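Listed after this line are the structures, all set down as structure tokens.
In the two assemblies presented below, chain A is common to both, partnered first by chain B and then by chain C.
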Partner chain A sequence: MKILKIVIVLLFGSILIYCTLDFPPWGDPRAPASLHVSPRYIEHTMEETSVPNIVTAVLADYRGYDTMFETIVIFTAAIACIFLLRVLRRREPERLMYRHIPTGLTLRIERGFGPPPDSKDFERIDLMWVPYDLIIKTGSRLIVPCSQIFALYVIAHGHHSPGGGFQGGVILGASIILFAISTNLRSSFTRMSEKLAVLLCGLGVFIYAGTGALCIFLGSNYLDYSALSLVLGVDTVTARSHGILMVETGVGISVMAVMVLLYYNLASAGRHDEGL
Partner chain B sequence: MIWQIELIVLLIVLICGIGALAVKDLLGAAILFGAYSFMMCLLWAIMGAVDVAFTEASVGAGISTVLFVAAVFRTSRKTKD
Partner chain C sequence: MNELISFVISKLNYWVYIALMMIGLYAMIAKNNLVKKIIGMNILQTAVILFFISIGAKTDATIPIIMHGHAGERHAVHAADFINPLPHVLMLTAIVVAVATLGVALALVIKLYQQYQTLEEDEILDQLRNE
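This part shows the complex of A and B:
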């Protein structure tokens, strides 16, 4: 049976590699992909949208529908993850662990007994994973704000350099996940609660679809940003550039919230109390 | 671009891909998959697709490795096959 599997894999692999011989050579100007639409974009993107990065213009303007439904796919992934993993019934844990901060002692408190008196000296810690490292905490305190500023730069500067909503949103989500890893899941919930994440997740898709709908109300086609010139008070070319920024912001918000939600549900197995 | 660098990067991609499949420790497989994504990111950058390289670096090597590690943390670390 194992030999049969290897034979099948090798057979199909060699057929696939044989098929790549028919491909045009890499960078061939006469390849079918670079004959029809690519020259149109390369020649006209700058004068039609005033966006130097052609990839961003194609993604968010010429192929706006595609990117909108990519965002909706990511949104659906978060919803599916919540439906599959989230445990809504709260189960009180058998015992809780606390750390006495001045001495570093760990206290285990069985169920039925009260938690330590409400003072600043105790903090609750996880049963399985108990990191307390000054270097990690200080390091993440340094990295998190810098990476968040970088993420905002990536979103806002996507017109001129590589990047855009997806990448910036992922970096923004990664900074929140880094905060959750370096402290714990509960202190991350105080900054970015599940409700807020779900709300932002929908808000991003709403901003994208709403920008498209606004174009209809202004008397143009769906996602034709040149109609926004009536609202923004600029010419149609600059309006398309601003429209791209608006939808990229929506994509960034949505992707950030989705990444955080996926991490929350995976790391705590849907219970949202203890986790990595 | 210098073809020797491309060859080395391609070899590391192959080794990381096969290693991620062969390794029994799932945490190791997740880390190898992250290394695979970084090398793919280098390949995209060599081919001039900077946007794709950026996406691969942030999504493939960054977030998905973290999600794999979180999933391994909540399930088991060893695989049977």
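This part shows the complex of A and C:
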């Protein structure tokens, strides 16, 4: 049976390799993919949108519908993950694990007998034993704010350098996931609760779709940012650049919240009590 | 000999992606563990993404960010000087879809594990037949 599968894979691969004989060589400037629509984008993006980064301009302006529904796809993924996994009525475990911080002792305490919740000497740890990790906690404390500032730079500077909403949003989400990994899931809920993440997830899509709707109210087509010049007080070309920044911000917020929500639900199997 | 080398170099990128794609396809059809199947799907998606990115390459061209200066200083822009931005745009969104499908697939796998206490496909099928 295994032989059959290998034969299928090899057959399919050799057909594909045979097809590559008709493909243009690597880096050919006259390849068909580079001849039809992309020269139009490269030569006119600067005068039409005043955005030097062509990828950003095509992503958020020329192909604005595509990107909007892309944002809705990841929004749907987060919602699907919540519906599949989230356990709303969970049983509290019989025993809880605490660490006595001054001595480093690990205590297993029956439910109802734990230390006071505002105690500074005890911290709750997961049932699977978590080692005391000073180096990891301190290291992530240094890395998290730097990566967040870098993420904001990537979103805001996406017009002039490689970057944009998707990339910056992923870096923002990764910084929060790093915080959750280096401490535990409960302490990351104090910084970014599930409610806030769901709210931001919808808010990002709302900013994107709202920018498009605003263009309709200003008497233009959906997602035609040049109409924003009436509100922003700039010429139509610069208005398109600002419109791109607005939707990129929405994308960044949404992507960040989706990454965090996916992590929360996958790491704790939807119970949101213990996990990495 | 020289012709053969230049031919191999001009097609090598496609062959690498086909090799990656076949690794992913093999993992999807031959592996028994569901997580391995999902990782195979992810490898296949990565191969497609790399294939599209390589289509956009042009020799002697730079990244698709136009040089610009202050005070309206503009140069004429030639399409041959910049690599094709379209595959980059398409793959930027494809990466995000890959992450979304990976997340939903892993959520489904967690649900399956809670139901059947296993991730091996044949054991799940056995349990389904015996019900």
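Simple rule for what comes next: the second predicted complex is superposed on the first by the 267 of 276 C-alpha atoms of A that agree within 3 Å, B and C clash if a C-alpha of one lies under 4 Å from a C-alpha of the other, contacts with A are read in each partner's own complex, and residues count from 1 in each chain.
Following the convention adopted for this analysis, a residue touches a chain if its C-beta (ideal position, glycine included) is under 8 Å from a C-beta of that chain, and two chains touch if they have at least 3 such contacts.
Every value quoted in this text rests on a predicted model; they were computed, and no experiment measured them.
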Touched partner set for A:88, first chain B, second chain C, both or neither: neither
Which superposed partner A:134 touches (first chain B, second chain C, both, neither): neither
Partner chain(s) touched by A:23 [first = chain B, second = chain C, both, neither]: second
Chain B versus chain C as contact partner of A:42, first or second or both or neither: second
Chain B versus chain C as contact partner of A:66, first or second or both or neither: second
Touch count on chain A, higher of chain B and chain C: C
First, second, both or neither for A:55, with chain B first and chain C second: both
Shared chain A surface residues [contacts with chain B and with chain C]: 26, 53, 55, 162, 164, 166, 170, 259, 262, 266, 269
Partner chain C, residues of chain A touching it in the complex: 2, 5-6, 8-10, 12-13, 16-17, 20-21, 23, 25-29, 31, 33-34, 37-39, 41-43, 45-47, 52-55, 58-59, 63, 66-67, 70, 73-74, 76-78, 80-81, 84-85, 160-162, 164, 166, 170, 255, 258-259, 262, 265-266, 269-270
Residues of chain A that touch chain B when the two form their complex: 26, 53, 55-56, 129, 162-164, 166-167, 170-171, 173-174, 177, 181, 259, 262-263, 266-269, 275-276
Chain A contact footprint on chain B (complex, rising order): 47, 50-51, 53-55, 58-59, 62-63, 66-67, 69-71, 73-74
Residues of chain C that touch chain A when the two form their complex: 9-15, 18-19, 21-22, 25-26, 29-30, 54-61, 63-68, 74, 77-80, 82, 84-89, 92-93, 95-97, 99-101, 103-104, 106-108, 110-111, 114
